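Dropping the structures in below, format is structure tokens.
Shared between the two complexes below is subunit A, which pairs with subunit B and subunit C, respectively.
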Partner chain A sequence: MDDIQPTTDPVRPKAPLRSWFDVRGRSMSTLAFALNRLTAVGLTIYLFLHLSVLSLLVRGPESWDSFVALAKHPLFLLLDVVLLFGVVYHMANGIRVALVGMGVGHARHKTLFYVLVGIALVLFVVGAVLIFTG
Partner chain B sequence: MQSTMSRRTLEEMATRRDRSGSLWLVQAFSGLFLVFILGAHMIAHHFIVEGGLRNYQQVLEYVANPVVFVIEVLFVILGVVHALLGVRAIIIDLRPSAGTLRLVNWGLVFFGAVAIGYGLWLAVALQRLAG
Partner chain C sequence: MVERDIDFKVFRYKQGGAAPAYQTFRVRCDENTTVLVALQDIRRDQDGTLIMRHSCHHASCGTCGMRINGREELGCVVKVFDLNTSTVVVEPMRNMPVISDLVVDMGPFYDRFNSAGMPLMRESEFLDEADVAEGLEAYMRCENCIECNLCVSACPIMGTDPTYLGPAALAAAWRVVEEPRGLDAKPLLDWVDSQNGCWRCHVAYECNEACPSGVFPGDKIMSLRRELTKRKFRRLFGR
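Our next item is the complex of A and B:
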């Protein structure tokens, strides 16, 4: 617990949370960062909801199978598509952040972003189609 | 008084910047592993199953495979660690006092331990149900 590191960086915004939603005059990197944080919050909430829902399995087949029937409702499938967008975007931008942070592709981080997000969008479209047609 | 104490602690922390960097590496590597594990999890549970989700019997048959058990356990551990380190990074961006952050750190460790413990219990319970 001795490694805590509150930022003292003077270039950080004074209201960082509010700055996520203020897109005026922002660079691509800042918007990518803000969207990464928003998807992170959504995915974290989903992860713990998902873990708690899985407890239905230990209650027996009726509990789980009735949940599965509910989860096939179009509204749930739409939420799955939103979740899929969060996963693929966070994954693509996260790979970029990890690579650039380790000194890989630093000079071409924008190109890396567009390529990875492009791959993510293709995966998203394929996944969204599979969710509704699978 | 609180402000002075926080500032002093911040100066002490500035000398430990390298240790915080190790947490960044844990988050980066757990994220990279999650790309593969989460990808396998989503394909196995949501995309190759007819109807989009496994029913009770299909879930038990799936988790009976020891390789799947290991992948799902790794998914719980890496997912929880990655998520809570991300929550910590966001909280740090909100500029909490050193005391608040210390409390948050312990809270996240406790919450993470409970979540991983619950996930492991669930994985073992399902393995037993699968028989």
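Our next item is the complex of A and C:
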């Protein structure tokens, strides 16, 4: 009940996080939005991690080589797969949101979702296989 | 006639009273009992202090909006048996201050609505000039809006920022832009062209799902954006 406002003050709703991510009983589009926001936050965190890892290069070849050795560990590759999902989903849904948000194809936003995210899932599977075998 | 006992878990809150809590009432229902009628039965037979809004009992006045098992619904047209649950959870709409039990303060909703040019909202379905043009099955009109606030309750973005104009008001604005009838649409477009106007929406389309009256406010927001995008491009190329 913490998303209800038991007050007469038109104050800020008490649980914005809940209103974004509580997808119980909601439609596919809210799921798409919540997942987009989740992957967006994940990607942003990754971007900073990525930059800090790249900065290892400044400290010479040894520290970089030891990182690369770690990066080849299967558990690390699994993280790559999670990242890949975030990238392809956010990109595909992002294209849909950008199009629909400009009024392009909004009558068919669900079809757009299934087609674009479908393509993204194919890319994801191919990519995931390549990560472990390539 | 089949009758069954159904538990209604109802959100209770009184201004200045104790913290909000749920209270469960058992009500004998048959296949015609709607959630609103069950609530009225509770009020009549079990607890006269239970407060809810209603008027028409047939999905036209838009006053009985509430959340039933977590979904935005008009209580007057939801049959209890259709829900297929032995406990029915009834809560007030979200994103609005609760005044008492199931009643929310609709003030902010109407305020936003009025500035969208309210006078145009419901005219015309029966006017001659509203004859459906050739090639069209029917006009999709925002006159359909019954101002129930369900879309505002369903919208995940209202939860981010209460100053967001919200789906119903934006849909009303689009109605005026789409068919200005002599009004100047420019100030209205300027009004919605802001951070708290149509650009705040994140395309979750939950408003479309919640609307009991075929307004499709999400689509109307995208139409506003298309119009604004067109105008911006035109300005960019000096036309």
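Convention: the second predicted complex is superposed on the first by the 118 of 134 C-alpha atoms of A that agree within 3 Å, B and C clash if a C-alpha of one lies under 4 Å from a C-alpha of the other, contacts with A are read in each partner's own complex, and residues count from 1 in each chain.
Following the convention adopted for this analysis, a contact is a pair of C-beta atoms (placed from the backbone, for glycine too) under 8 Å apart; a residue touches a chain by one contact, two chains touch by 3 or more.
Keep in mind that this is a model prediction, so the values were computed, not measured.
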Partner chain(s) touched by A:Val87 [first = subunit B, second = subunit C, both, neither]: first
Touched partner set for A:Gly25, first subunit B, second subunit C, both or neither: second
Which of subunit B and subunit C A:Phe33 touches, first, second, both or neither: second
Which of subunit B and subunit C A:Val100 touches, first, second, both or neither: second
Partner chain(s) touched by A:Phe48 [first = subunit B, second = subunit C, both, neither]: first
Between subunit B and subunit C, more extensive residue contact with subunit A: B
Shared contact residues on subunit A - subunit B and subunit C: 1, 3-8, 12, 16, 97, 101-102
Subunit C contact footprint on subunit A (complex, rising order): 1, 3-13, 15-16, 18-20, 24-27, 29-30, 32-34, 97, 100-104, 106-107, 109
Subunit A residues touching subunit B - in the complex, by the definition given at the top: 1-8, 12, 16-17, 37, 40-41, 43-44, 47-48, 51, 54-55, 57-58, 60-61, 64-65, 68, 71-72, 77, 80, 84, 87, 91, 94-95, 97-98, 101-102, 127, 130-131, 134
Of all residues in subunit C, those that touch subunit A in their complex: 11, 13, 15, 19-20, 22, 69-71, 91-92, 94-99, 105, 107-108, 154, 156-162, 201-206, 209, 218-219, 222-227, 229
Residue ranges of subunit B in contact with subunit A within the complex: 10, 13-14, 16-17, 19-20, 22-24, 28-29, 31-32, 34-35, 38, 42, 46-47, 49-57, 59, 76, 79-80, 83-84, 86-87, 90, 92-98, 101-102, 105-106, 109, 115, 118-119, 122, 125-126, 129
